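Both complexes below contain subunit A, partnered by subunit B and then by subunit C.
Here is the complex of A and B:
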């Protein structure tokens, strides 16, 4: 108990809370694209984290082998993942829009293994690293914050605002929102749903590229990096209410705070036990997601 | 004249028969082969963490033995299988190789999480298994396996050596008495990390060191910031770390960004054994980090080894460079698998064939039980001897194996401990140039 009290009133608990917020920024960024795609097209891309992985490879090769500045390499990564998103819809999802959800899930699950295998054959199993560190911001003698994580947080918040504005204020955004509300009726109104789906998939893919740029600065790139993030991203989306971008954004922070606080007071793994336990409980209480609007 | 002709014909005939017989025997000898299932992780996260380098070492040795004409008339026929970094795949592949491919024995295994179940399975199938790499004590401890042998060092030895090193140097180098030394142990939570951490903790407690934290984590954890924060709160002088690869670089990066400071960091094999990758990811921050592992075979003084071995070490090094031309620091992983495979092909297998008449599991087991290699008799320097029945709770474990403590300085590897093998006066505590220096 004394240990617990000491930990609670220590300056390091403050650091833990801040770390939770910053991890939340990473998870929020990861979940944005997946949520957008689900919200509009009503299909869960299980392979989303693998598209991020391919984005990380693109950035790595452009920056390390191609000698491009990091910003340009990141832009290249966003371009490639946007194209991958477009292709995923054009070549796979487009044909499965009316299929049973389980078949859609299996198809994107197949893509997950395809992307993993492709990366392994093309790039090998070696861990690659950008070797870039943005350093950290010293708040006090004891508390340092990673610039990469601060950047992830800022970009995630920025993207949510921009996307929200885009969806609520632009003509295209209105069309995307309308199609997410009723797919059948929009066709009758003369809207080209196919085009809108492709555009949404490309935007979702591009967001994966943005996440890839920030992850590549924090993690090694290898064909299986998606396994570390795929399940957790999916859970964040479900907890926020699949398709609800603001809900997903908030859920990312609930999830990350539980992980870091649990990991601070007990062993690291207990943080995940706490977060996943909360997820299960939340699914019982609000199966439609914590932040889903009541219909 | 006719007698002479007949005699000549007789000798020509005799010579022809001899040549034919010799060719026949030759053909027969070349036909004989020992089928060996070689299992490592060629894909999945463990592959890049060191398993592919271990696999390369084993392959180099098999090719080397075959190029020399095999062993006692037997050519080696390897069947390489990929455990995909998953224990269940390792078990399935082991059973497939034994039951469908009808291999005579298995060799390899990088991950302890795979070794633990596979060793029990293979032993129950009464097949011979030669472990080159995985180190967890749990693979052999209290299991009394008959057909599983490990010339490799085991995990508790890793854990004990790093603590011995600190015990011997703490006062002299850091001015801290061992009992006042604040030690933190962090490890991946599989059998590998737990086994080494158990050795760390046992030895640290025995020497009365101040153990401020001991904690496991999943090697695939996407975030270790809470662990780093906890370490900052506990303020250890020394961190003893056992992990694979993505987790090691993630930990070191987050530790630097969050301002964790310490006096020494000692890693224990796996990801810490792949210096090139660490330097690629973290640059010169890697300098002065320690790694406990069986020694890199290229660091040993050739004079300390049996006369025939330095040539083999050089050959393995040349093949390694041929396979990986861009290697800067030769990884200990390659030499480890090559050496441990070399012991099997040059000591156990010839005895099984010559003395026990075959390559079945029983002959190989009897031959292995008689292995008695003195120090300096393997590429790794240590000797090999397996305990007799009832002598140990770890049957099949090489009792003469020992690791060393190495230190990375400017992309070079030096032996820091034991003193007899030292190639560097250990730099302790971390110099001010290190971002982790206290």
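Here is the complex of A and C:
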């Protein structure tokens, strides 16, 4: 017990907590686009993490092979993923809007395999590293925080604010919010739902590109990287209440703290087990999501 | 068409298959198809009632790992190990299924909760790498040369072929029994409308739980069989999200709502992967020294496109579409 208390108050534990907080920023950003798409179109994109993977490749090639500055490469990545989001809706989901929800989910699962295969055919299976390191910030002698994570956190927070402003202030944002509240009525009001769906898909895709830019600085990219953070992204969205962006944002931090704390006391995998176990338990207590508003 | 005769001919061909001069590689493919068909049939037992689980990779991994671990660590024969593994899978199914059904977690929420389950099991296997070998995989110890009933192992493909064939047929019989049972009507009613079903006296939670446990147990058995045949398992070959999705998709391609759908799905997907692998190869094809294509990814690519096309154009799968067409023709003939 004494050991445990000691571990709890050690300086490294504080570092763990802060790192968890920063990881939460990345997770929040990952789940944002997925949540937006679900909220508006009512479809879960199982392939969302694979769109992020293709965004990471775009950034890698633009930066390493194309010699473009990182910011420009990231912008290119956002452009490509926005296009992929648009295409996903235009070529797949658009045909399944009236199908059973589970068929929509499975169709995006087909896209998951397609994107993985595409990446494997085009880029091979080797791990590629962007080779960019922003270094770390020394808070004290023992605590170091990676700049990449700090940046991710700041960008995630910034994007949430911008997205909220967009949704609550702009005309288009109001239309998007309205459509997520009542799909049928909106058509009667003369709203072109098709256009709105495509726009939302492109925005969701673009957010994936933003997440890709931050992930590319922290992890090697390979065709199957999506499988390593895809499931967490879904869990975050579901726990926050699918389509509820504030909930997703909070859930991201709960998840990231569980993962890092679990990783601190045992191995990182146990951190994931803890987080997923918590997710399952949370689903039983509040199936509509921990942070969902009561209707 | 005399369907009984057709079944008899197919059965005779299947039983005589190893003696028809079939090479070891095709025989291996047939065995793999039979084992996966059993797993897919196990999934479709519940999947056909709208209970789409993305967690069957977890049950399969439990089946394989529990059997192999008991054999290696405790020396327990698979004859006891496999039932223990199946009991574990049943326990896991109740653990996840009961709260899900009790609290009305349905549709894609159910799919995502079960997705978390397959990820939990995969992470546990990786976390306990000192015993399970983690992502590097795990090998049951060989009994020795030749075959052994106690170890449930065999060098001889032909023996395993008959074991796989037998259990594949058992799988079809189970599917049929569920299809003819009262539970089928209860589950279809639940699928249509849970409240209405409950109102007319269907025990929603109990019925769903029964079929889920049956499905989990069958999948675990397939995992154990896969382990005994391949003599190698790893979290990515019998568990995790990848396998869970593979199970669902093969069934969708073949046909969720028909008895032979999962089997046809296994035949199509496994043969497709093999044909593409042999035909295109796994080498990198380079146009210039900068632009190369890695052919190993082609099966995945084709698989993905195929699934999307199937879900959009043939949601009932190959077998479902054929049956529809056949019945449609019959009806038209009656009318005229």
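Quick note on the criterion: the second predicted complex is superposed on the first by the 294 of 295 C-alpha atoms of A that agree within 3 Å, B and C clash if a C-alpha of one lies under 4 Å from a C-alpha of the other, contacts with A are read in each partner's own complex, and residues count from 1 in each chain.
Here, a contact is a pair of C-beta atoms (placed from the backbone, for glycine too) under 8 Å apart; a residue touches a chain by one contact, two chains touch by 3 or more.
This structure is a prediction, so every number in the text was calculated from the model and none was measured.
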{"item": "Partners on subunit A (subunit B, subunit C) - clash or fit", "value": "clash"}
{"item": "Touched partner set for A:238, first subunit B, second subunit C, both or neither", "value": "second"}
{"item": "Which superposed partner A:138 touches (first subunit B, second subunit C, both, neither)", "value": "first"}
{"item": "Touching partner for A:269 - first (subunit B), second (subunit C), both, neither", "value": "both"}
{"item": "First, second, both or neither for A:192, with subunit B first and subunit C second", "value": "neither"}
{"item": "Partner chain in contact with A:170 - subunit B first, subunit C second, else both or neither", "value": "neither"}
{"item": "Partner chain(s) touched by A:102 [first = subunit B, second = subunit C, both, neither]", "value": "second"}
{"item": "Contacts of A:260 with subunit B and subunit C, given as first, second, both or neither", "value": "first"}
{"item": "Partner chain in contact with A:110 - subunit B first, subunit C second, else both or neither", "value": "second"}
{"item": "First, second, both or neither for A:230, with subunit B first and subunit C second", "value": "second"}
{"item": "Subunit B clash site on subunit C (candidates 41-49, 131-139 or 167-175)", "value": "131-139"}
{"item": "Shared subunit A contacts, counted only where both subunit B and subunit C touch the same residue", "value": "120, 125, 223, 227, 267, 269, 272"}
{"item": "Subunit C-touching residues of subunit A, taken from the complex the two chains share", "value": "44, 46, 92, 95-96, 99-103, 105-107, 109-125, 223, 227, 230-231, 234-235, 238, 242, 266-267, 269-270, 272-273, 276-277, 279-280, 283-284, 287"}
{"item": "Subunit B-touching residues of subunit A, taken from the complex the two chains share", "value": "7, 10, 12, 15-16, 19, 22-23, 120, 125-129, 131, 133, 135-136, 138, 142-149, 218-220, 222-225, 227-229, 232, 256, 259-264, 267-269, 271-272"}
{"item": "Complex interface listing, subunit B residues touching subunit A", "value": "42-45, 47-49, 52, 85, 189, 215-218, 220-227, 229-230, 232-233, 245-246, 249-250, 253-254, 256-259, 277, 280-283"}
{"item": "Subunit A-facing residues of subunit C, complex", "value": "50, 52, 96, 99-100, 103-105, 107-109, 111-113, 115-117, 119-120, 123-124, 126-127, 240-242, 245, 248-249, 252, 284, 292-308, 310-312, 315"}
